[in-house]
């Protein structure tokens, strides 16, 4: 029903500029997930949409309407707070009905809506209880119900599932996905959890220090991170970074780039484009590090830590390029202190500029990009 | 330095029996992780060790000493609270030194210890700040430092890493592992996070409703869960459960058990032992579900949801045995609405009694076990 | 003296409590300082206690040995204090020559059950203040007062012929007595209330003519308002006492005089205000009674009296000094003159029993138009109810008829 | 530990009991007086009366006026009206002001709170006259409205301090949630803030009520009509200047305190902490 | 929104300013009086003095006693000693009692808190005599100690209520952490609870101080030595039977209130909320 748009938005708290410049469009009916390190401005962004904070400059638009000066209650949004923010003195029923009563809906309509929502969320048996008599997961569902029952055109979720245990979190996640399919409203969702981001999002927005670093489908960010920050932030365990030297072509006649590091030589073909003779950062995900026996060719390393996780094993490997992480199958034979060789496939690695942190992937055209400063790591 | 032992411990809050009977030994120098659903009594167990709660009956022993009546400060333990519980009015330095000052250590000794610890934890630059000027991860480290600096014989950690973002959590986890190697004291650690449990623990204790369900090495619990609760609780995504009928032997002349379900027949060999002709629950982890093309033999299913997670993909499959989850490689070709066949290897599955929920694995001898009631699911 | 009770009392000194402030305090201090310098005198130490709190403090302190040796207060609580045996009779030391020094009647104020309980220092009563610019000659009779008052009153402009606290018994008393009424009557050796009488009703009717809706007095005024109205010239006359003088001090454009209250035309009797005499009392727990009396004598001596007059304008009770005042100070002379018609405030607790119901009757009749008779009957009923439930202990056990000399 | 605990508890009890007794002792002596025949205070510390009588209570309760009206009832009614109105008016004003002090940032916020404290500090005797003048100008002398106004402004500074402290502890998120749910400023104050502040409101109401219920100096000064007198004014007439009927005074004081105690017992179930529990996680 | 906000703010301001003025008005009239020559109150509502003089202030400050000692200084000192000791003693007792009420569960806990309220309710006139008797028996009449004792017990009920409310909000985990760190009950009270309660302690201290600083009836009744009189006692001496030196009285009252204001400004930086921020997460 409504798209949300930030146009040149900045937000300052006193002297502290939390959001230096935000341009972002959340298309109608999409499920957009905001990710980023703590303090990067995710909650602030949601609050700007909700109208709980006012922009310092720029415009926020919901639908076609500029809402800079519109009160929260008139923005047709609903928000699920990180802390639930249930009304402790009201029963679940009253919590759900509160917003409807304030809007003076007819009694029957209120009852119908509350019943519908409590059925969807399985709250039927809890309607008479107060928040303190509910478990975490139940509170979570009430918070969600309070948003749904209003049928707003935009939903805002602020880390709704943190603090739940793994099992409950999985259940709630599926619940939310179902909900979106059913209601098909615009959703802006903040989370720290990679699984949530990957499974729920139509589109992920990676933020750092108040700036959007990359916007795209979840796998896009995973597979083709636009810069070092996104590469390092998305994916667990974190991507390995290796300082390398870049040179053009090679003896073998390839037309692309070749990278060198201590004990490592990799011909990258022509996936990447960049100045030769300079230093760059090579990124490779732990799951893309192939750990072979010592007889294979590749980067020599020694297994330092072996962490079995059930279905897979995390290895920490000590190599001449520094410590690297690898994720291998649970049946992999490498044991602590084994000498191994690490093989990386040229089409699975990433290459970043040392200074700007930008990806050197040919797919990205940085020509017309503003020279925003992007840190190497968050 | 000290082993912790619960002997016939019960704990009641008013009428509410939180821990009906706890017998547990945490061996000296071991890293024991308590896991279990919310409200199962993990925190209560830690608090009983710390002396913040007193047992209703039974004994708690630290080392050889019965500590039922010993004040917290005389138990030689340190605790890192779920909520950090830093002293807000003191600087980091004072937070660290507080316990030492109370024990009237000489000034030089205090300074030395605080400096040592802040170096280990990288707090050197923060010593003059107050808790509210620290980020979540930094607070976490101060809370840990406050425990370490006292050099107690037992450490208690209560979900110290929840609320941190994925990256920070990974870092802190490695920090804690290092710490344990270095100090080699007994550690009892509560967490909701499976990765933490798997990577940190020497031994995992799975609890449910105040009862220990299984104690063992992390992989033990993963690979050979003792009952349905453990099977369902450990591992993400959750293990798939299929209701099956058990029969003895089979036409093919095997001596072991055979299980049947709608569209599924599986010869389990003689890994399991149990009454035939009865119903049982077959468990299979998503990563052990092999998804083959429709031409293969196996349980027929249709791909309902496909969730790419980067390095792997979660599939939700609709089969005649109900919805099943599978975890496959990112390159797996299955797409939504594809018809597939699911193959499960007999030596990767688990079998549980329907009523008691106990594993029918021959490795477990239930003969002398007390008939504790164990729920099918938490 | 962080702890340790009574450390304030040393054995060889006299402690005197008073509630004077301003010039009266200065005068007292000067006299005491001179006394202390006299050879052979016992040292006197002063303690100032606020006026509101002094009676209470005395009642609490003296029985517990915490009180003063001497204290200064008005005579009207004499009945209480003798009843509780808080004060010491001093008649034993007073010879006739000394008694003659005091103006007539002032010693009577300190006499109860035939014994003398204190020596007078000064006295207070109300008189008529008039603005010389508006009232060239003060009214002699109440008829004159009314006529003059009506001429000077313009309620719309907030101008009044007379201002006084009409609903306060103290200020109503002159009319009551002038019309021949009374509040108490003698009964046996004590007093009984006598509230409803034709005289009292007439007096109240007169007060209503003055202060009622068509009168010459603004309704329901406080002491503050009296000062303000008279000071600013918006009231031509005022009924008040010597304390009024300090409130008028510094009013540059005000020329005022003081005269005795007028004669009540209906009866030909002068309006008679209540007279309250301030004196010095000796505590029954006084440790140096002889020395204490020596000081009492000093403080009431002719010289001291003259000094207090000159410094604090305290009305003298000494005959000689009073005679001199009449010649030199026309304002104070009026008060000296007024004393002759004034009635001593009865010091019996019965007086205070009557006080509040009577005030209420005044308010009801004057401000709220209740019939005077009905208002007074109500007051009588209320006093009776009070007496019925609580017979004042010291009213029962009086033995000496000579107490009768204090005329109600 | 068990033994140490017992010892600690015993000590705690002992300490608290002595302490409570010390605070209550004067009150016990008053109770003794109200039950002892006669009108003067005995100078002993024994709080148990040797003779017991109900005469003082009877006297206070059965008093009738000239027209035969039952006085006690009317006075109780007056007191209830004045104290009740003061409570409603004072709590309402204090709550709105405290909310503003707690939630809005504006110039004079700090100094406003400071001034409230300063006002509480002036001697009553001194304020009596200005108050009289103000009420006179407003034409509110001798009226319940005037008295209620004066009492409210007397009670408000304390109430504002108390309520602000409490409002500060209510999580901001609850209000934000309500704003998104469609509540206006007034609506969220009414539907969210007030219900959650019940304990503080209860204390504040109790305090306002007590302020008005026990006051007599101002009441006597501003009221000219006996029919309007409140209980404590009448009570004061038992002693004060005119006489010292300590027995009746004590009995009256105890009777006067009964409604306050009743109010306390009505309100005390609201005096619970942890009302905001469960609203936000953490 | 911007416009609406402005309107709301203006309204809020207007409301608060009127309200604050209403509360402050009597005080303004007192200030006018203290600067106006003469001894009587003008009956006008204009708070601006037409003539200004410092004579009243001079009179109060330069007064000398009978023996020629400078009175004002000594009285200030007395007041400071009495109020200071009352504050220290009262806050200490109230803090320990409030802590017990907040943290321990024991029989009589609720009723104890209730009784504290009841005590605050009795008319002062009535308690005067029992207090006098008690102090006399304890040998504490005419002593600073006696006065401090009486003032403390008067201030304590309120202080306990105030502090208990605050203690209830301090996270339990902080104390548990301290207990594990090796603190005794007393130690954690001293090192953890008290420092975190600074705002409440400050308000409590201010209140105790004010109670003792402004009181005069008890002080004058219990003290028999002019050298021991506190400021407000002396102030009261400007008021007589039918007349009063209102100018000097007003000037004195304003002088008396200055130290309290000073104390307030010293304490106000402690009157911050959010002291426990950062200690526990959530």
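To keep things simple, chains are lettered A, B, C, D and E as they appear, and every chain counts its residues starting from 1.
Rule of thumb we're sticking to: contacts are C-beta pairs under 8 Å (C-beta built on N, C-alpha and C of every residue); 3 or more make two chains touch, one makes a residue touch a chain.
Quick caveat: nothing in here was measured; it's all calculated off a predicted structure.
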Co-neighbours of subunit E and subunit C - touch as defined: D
Count the smallest number of chain-to-chain hops linking subunit A with subunit C, moving only between touching chains. 2
Of the other chains, whose C-alpha centre is the longest way from the centre of subunit B? C
Where is the C-beta contact count highest, in terms of which two chains? D-E
How many angstrom between the C-alpha centroids of subunit E and subunit A? 56
Distance between subunit A and subunit B based on Cα centroids, please, to the nearest Å. 26
Distance from the mean Cα position of subunit E to that of subunit D, given in whole angstrom: 17
Where subunit D touches two or more other chains at once, by residue number: 43, 129, 280-282
Residue ranges of subunit B touching at least 2 other chains are 51, 71, 83, 136, 163
Which positions in subunit C touch two or more other chains at once? 64, 224
Tell me, which parts of subunit C touch subunit D in their complex? 63-64, 167, 220, 222, 224, 349, 352-353, 355-356, 360, 363, 367-368, 377-378, 381-382, 385-386, 389-390, 392
Contact residues on subunit A for subunit B in the complex? 37-39, 135-137, 162-168, 170, 192-195, 198-199, 218-219, 222-223, 232-238, 285, 287-288, 307-312, 314, 327, 378
Under the touch definition given earlier, write down the residues of subunit E that touch subunit B in their complex. 171, 173-174, 176-184, 187, 191-192, 195-196, 275-282
Considering only the defined contacts, which subunit C positions touch subunit E in the complex? 1-9, 15, 19, 21-22, 29, 32-33, 45-53, 56-57, 60-61, 64, 66, 68, 74, 223-225, 227-228, 231, 241, 243-244, 246-247, 249-250
Seen from subunit E, its contact residues with subunit D in the complex are 8-9, 12-13, 15-16, 19-20, 22-27, 29-30, 41, 43-45, 93, 96-97, 100, 104, 106, 108, 110, 112, 114-123, 125-127, 129-131, 133-134, 136-137, 153, 156-157, 161-162, 165-166, 168-169, 185, 199-200, 203, 206, 210, 213-214, 216, 232, 235-236, 239, 246, 249-250, 253, 256-257, 260-261, 264-265, 268, 271, 273, 280-282
